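The following pair of complexes shares a single chain, chain A, combined with chain B in the former and chain C in the latter.
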Partner chain A sequence: MRKLALSLALLGMFGTPALADEEAERQAHWAELREAVFGDRAAVAAADLIALEAPKRALDAALVPITVTTKPGSDVTGLTVVIDDNPGPVAAKVSYGPRGDASLLTLRVRVNQYTYMHAVAETSDGALHETAQFVKAAGGCSAPVGAGEAESLAQIGRMKLRLSGEVAAGQPVDAQVLIRHPNFNGMQMDQLTRLYTPMRYVQQVEITLNDERVLSMENDISLATDPAIGFRFVPRAEDLPGKLKVVVRDSDDAVFEQSFDVPASGS
Partner chain B sequence: MQAWFFSSPPTWGRVRRGKPRLVVRQSSLAPSTPAPQLGGFLATFATIALLLLIPLCIARAQAQETVPEPAGFWTGPMGGPVPATIAGGRVIETAGLAALIEEKQPVLVDVGPLPHKPETIAAEEWVPPPHRTIPGSVWLPGAGDGKLTPKLDDWYRSWLEQLTGGDPSKPLVVFCHPDCWGSWNAAKRAILYGYSNVHWYEEGIEGWQDAGHETRVVQPELPPR
Partner chain C sequence: MLHRRHLLLGGLCACCLPLTRTRASSFILTEVAPGIHVRRGVDEDASPGNADAIANAGFIVGQESVLVFDPGGSLGDGAALRAMIREKTQLPIRTVVLNHVHPDHIFGAGAFLEDKPDFIGHARLPAALAARGDYYKQRLEEILGAGAAGPVVMPTLDVADAAEVDLGERVVRLKAHGPAHTDNDLSVFDAETGTLFPSDLLFVGRVPALDGSLNGWLAELEALKRIGAARAVPGHGPEQVNWPAGAADLERYLRTLVEETRQAVRDNIGIEAAVEQVAAGERGRWTLFDAYHGRNVTQAYKELEWE
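Now for the complex of A and B:
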C-alpha cells in the first residue's frame, strides 16, 4: 500500500514517468527519420493545414487504409507519409505537378508494429507541416504470402481507375487508381515452402493528364498488396475530354502503363 | 512458378488476409477410446452424439482460436492459433505479469523473431525497425523456433542459466506476440530444461501495450551462426 501511495505521489509529480520515457524514445526516433528524409529543415506542427486519418486499431495490419488531407488552397507541393516503426518507413513521397491537387491522398499500407505514422506536407515556400497518428496494428510486414498475392502476380500491372463526382473544368476531381501488384516486401514467408518471397514492389507511380503531371510518387516497401492510390486532379477546360495516364515502375524495373478516358461530365 | 498463377478475375478491395488460420484436427478433439461397457444401442447413440458434438467442439475451438498442446515443440507455421495452456508451466495475463514484475522481478525473455532482411537489400542499407519490448527483457530471437540445432539449444540454455543465476525456481516469463508459437516453444523448452516457475505470456508485446504499459527499445542478443 505504501508502494502504491508512493507511485501515485510520483505520478502526481512527474506524470507517468515510464510512458514519458517511451514517448521520448519514439520522438527521438521520429527526429532521426525526419532528418534522414528532410535534412535539418524544421517542421511545424500544423494540424490546421494537414490531417492524417488512420484507424487507431487496424483489423488487418497488412491492409491499413490511410487518408491525408490538406487544406484546399494551401499551396502544397509535396506530401510524405512515414510509418515510423516499419522497415522502409517512407511509405510514400508524393510531389504534385500543375494538374495535381494535394487536398486528398489515400493509400493502403502495411504496418509492422504499434507505431506512430507521420504525414508531412511541403508548401511552395519550402516550409514543412507535419501531423502524426498512433496506429495499433502489428505483423503486417511479415504477414504470409497467400492466394491474394498469387492472383496479383498473375494480373500484375493491370489497373483500374475510378472517378467520383462530376468532372468539370477548374474543379478538383476525386480519383482512385487500383494497381494489381503483389508488392512483395521481401519479408513475407511462404507458409508452405518456408521460403521468403523475393522482394518486388511498386517503386514509382507517375500520373499525368494529357501529358501534364498530376503527381509522381516514390514508394518503399510499406504499401499493401494491390496499391490503391486516391488523389485529386484539376482539369482545365481544354483538358476535357482527356486522357489520364498512369505509369508504374517496380523494383524489378518492370513498367506498366495504362490510359483512361476522362469524360467531360456535368456543368 | 506455374503454381503462382490463378485465372480468377481481379477482386478489388476485398480484405483477403488475416492471421493464418490452422485447421483444427478432428482426431485431437474426439476421445481416443470409446467407453467399453456400453451396449450396442448405447454405443450407437454415443457415437451419434459424439459426431454431433465434434463440429460444435471445432466451432468452439475456432471461436477461441486455441488448439491442443502438441506432444513436442510446434514445428508448423509460427503464426496462428495457439493452445490455452502449457503443461509444466502457467499462462500469465497482463495484469498478473505487471504484478509479478513489481513483486518478484522475474526474468523476462522476449523471443520475437528478427525482422527478415529482404535479400536484395544490401546489409549496410538495411535499417531494421526498432524492437520495442517489456522493460528489462532480454531479446533472444530464434529461441522459440520449432527445432533448435544443438548449438542454438546450448545458446538458449546458457542464457537462461545466466539470467536466472542458475536458480531453477526463479520466475521466468517468456513472450513474443499474440498468436505466436515462438513463445510457447521457448517456454516449453525452459520447462524441459528444468525450470519450475515458467510463465508463458501469450498476449505478448501487443497485449502489454494494449493495457497501456510502457515499452523499451532493445537490441537483439544474436544467436550463434
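Now for the complex of A and C:
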C-alpha cells in the first residue's frame, strides 16, 4: 500500500494539468488516475447509485467536509474517494465487511487547489460507479500547522464515537468516529528550520462490531487533522448490546485502539 | 500600492505627484487619550487599494520614547504610520509591540527596523511566526504585489506572562494571554489614561475571526473586563469604545457561537449543517459576516466536539 500511495503522490504532483481550468485536461487527468487506481476497468456513470456532496467553495481548505451516499440495497462492497489534484489523490479507499453498510460515508479532507473530487462505488458484481464534484478550495495541504495540531499531537490516539438515532437489530445505525491525530502530510514547512514537519498520518482504520468487520479504510495524506469518519453499520439481534472496536494505524506504525459500547436502545 | 486608490480617485497619473506626501483617506490619526494616537483600519479585506491597513494601528508617546502597538498591515502601511509618528514627535521609537501573528497586525514592523526598537511579542509568537510567517507573506504579496508585504520580523523580546515598559514617566503593562483569538495574543494597558489595547481580543463591528480557542477567548475577555480600563482600542472597529461596555457585542457573538455549536454537536448535525445554522441570528450585525462566520463555526465545532 505504501508503494501505491507513493506512486499516486507523484502522479498528483507532476500529472496536474498545466492549464488548470482546462476541462479536457482535468478529464484526462482523471482518466490517468482512474487507471492507476482501478486498472482498465470501465466505470459506469450512475448518478442514481452514488452521490458525492462537497461544498462548491470551501470555507476552510484544511477541513472540507464531504459526504458520499449510495442507494440503499445496491450491494456496494467498496467506496473510493479521490481528490484529483491533491498530492496523494486517493483520500480514502473503504471496503465493507458483513456488518457494514455503504449507504453513507462522511470524511473531512484537505484540498490543495481547485480540483475535481471523485467518488467511486464498487458493487458485488464488480462494476464501478462514479460521480464527481468540482471544489473550489486552495492551500489546505500546505496550510501551516496551528495551535490545534499541537493539541492533536499531545492527545494522539484519543477517540470518540457518536451514535445517532436508534439502535435496532437489522437497521443501519448512523455512527461517527473522531480520531485525535495531527495527520501531518509532510507539506507543512517550519520556516525557522526550513524543514518540513515530518509526515505522520493515519494510514489504516479498521472498524469491527463484536469482531466482525464493519469496514476497513486505507488513507493517503488527504485527511484533515483529527480524522472524522461517518459510517453506518447494521447490528444483528445477537450483536446487541455489543462492542464497536476501532483500530487505527498511522504511518509511523503506531497503533491506537478503542472499544465503544453499543447499547440496544430498543425504542 | 498604498497610494493607488487615492491617485485613481484623483484622476491624476502617479508621475505627477510626489508619492511621499499622498496618503489613502484611511490614514487619519485620532488622539483617543493624551499621548495615544490611533489610525483606524478599514473594515475590508486586504487589497492593493488599502495596503492591508485593515486593523487599527497606533502609538503611545511617553516623556522619553514612543511605543508602537500594531505597526500596521504591510511595509507601506508601517512606513505611513512611522511618517505620522515623526510628524507628532521626534522621540525615539524604542518599542514595537507585535500583538499576535496575523498579517494585518504585524507586517508594518519592517518599517521600524531602522529605529532598532525592541520588538515585543507573546512567548508563543516566535513559533507561530516560524510556522506561518512566510506563508502569510506569500499570500499577502499575491494581493499587494511582490515585495509589498515586507519582511517577517521576529520578536526580540518575548513575554510569557506579564511585563512593563517605561516610556518615561509613563509605564505601560503588557499581558500574554492563553489561547483565545490566537494562541499568541498580547495586550497592552496604559494605566495613566485607563486605556486598554486588547488587539484582536476585541472586534467591534467587523465579524470576529476565531483562530485559537473559543472557550479560551471568553475566559480571557472576562479577565480583561475586570482590568479597570475606561476605554479600549479594538483590533478592528472604531478608534475607541467604552470599556467594558464595548465588549458586549463580541461577547454575545462568542457566547452564541458556543451555545449553538454545542447544541449542534449534541444533535450531531455535522459541520456542513452547523455552518448554515449556528449563530445565524448574528448575520446583519457584523460587516464581512459571510466571509468569516462559516469558518468560525468550523473552528468552533472542531474545538467543542472534543469537550
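Operating definition for what follows: the second predicted complex is superposed on the first by the 239 of 267 C-alpha atoms of A that agree within 3 Å, B and C clash if a C-alpha of one lies under 4 Å from a C-alpha of the other, contacts with A are read in each partner's own complex, and residues count from 1 in each chain.
The rule is simple: a contact is a pair of C-beta atoms (placed from the backbone, for glycine too) under 8 Å apart; a residue touches a chain by one contact, two chains touch by 3 or more.
Because the structure is predicted, anything quoted here is derived from the model rather than measured.
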Fit or clash between chain C and chain B when superposed on chain A: clash
Contacts of A:Asn185 with chain B and chain C, given as first, second, both or neither: first
Partner chain in contact with A:Pro98 - chain B first, chain C second, else both or neither: neither
Touched partner set for A:Ser164, first chain B, second chain C, both or neither: second
Per-residue touch tally on chain A - higher for chain B or for chain C: B
A:Asp226 touches, of chain B and chain C: first, second, both or neither? both
Contacts of A:Pro72 with chain B and chain C, given as first, second, both or neither: neither
First (chain B), second (chain C), both or neither touched by A:Asn112: first
Contacts of A:Leu63 with chain B and chain C, given as first, second, both or neither: both
Superposition clash, chain C against chain B - the stretch among 134-142, 170-178, 188-196 or 224-232 that is involved: 134-142
Doubly contacted chain A residues - partners chain C and chain B: 59-60, 63, 142-144, 146-148, 158, 160, 178, 180, 189, 191, 226
Chain C partner contacts - residues on chain A that touch it in the complex: 53, 55, 59-60, 63, 65, 67, 106, 108, 142-148, 158, 160, 162, 164, 174, 176, 178, 180, 188-193, 226, 230
Sites on chain B touched by chain A in the complex: 3-8, 10-20, 77, 79, 102, 113, 115-121, 126-130, 132, 135, 177, 205-206, 209-210, 212-217
In the complex with chain A, residue positions of chain C that touch it: 126, 129-135, 152, 179, 182-183, 211-213, 268, 270-272, 275, 294-295, 298-299, 302-303, 305-306
Chain B-facing residues of chain A, complex: 3, 18-19, 21-22, 25, 29, 59-60, 62-63, 85-87, 89, 112-114, 136, 138-139, 141-144, 146-148, 150-151, 153-155, 158, 160, 178, 180, 185-187, 189, 191, 196, 198-199, 221, 225-226, 228, 251
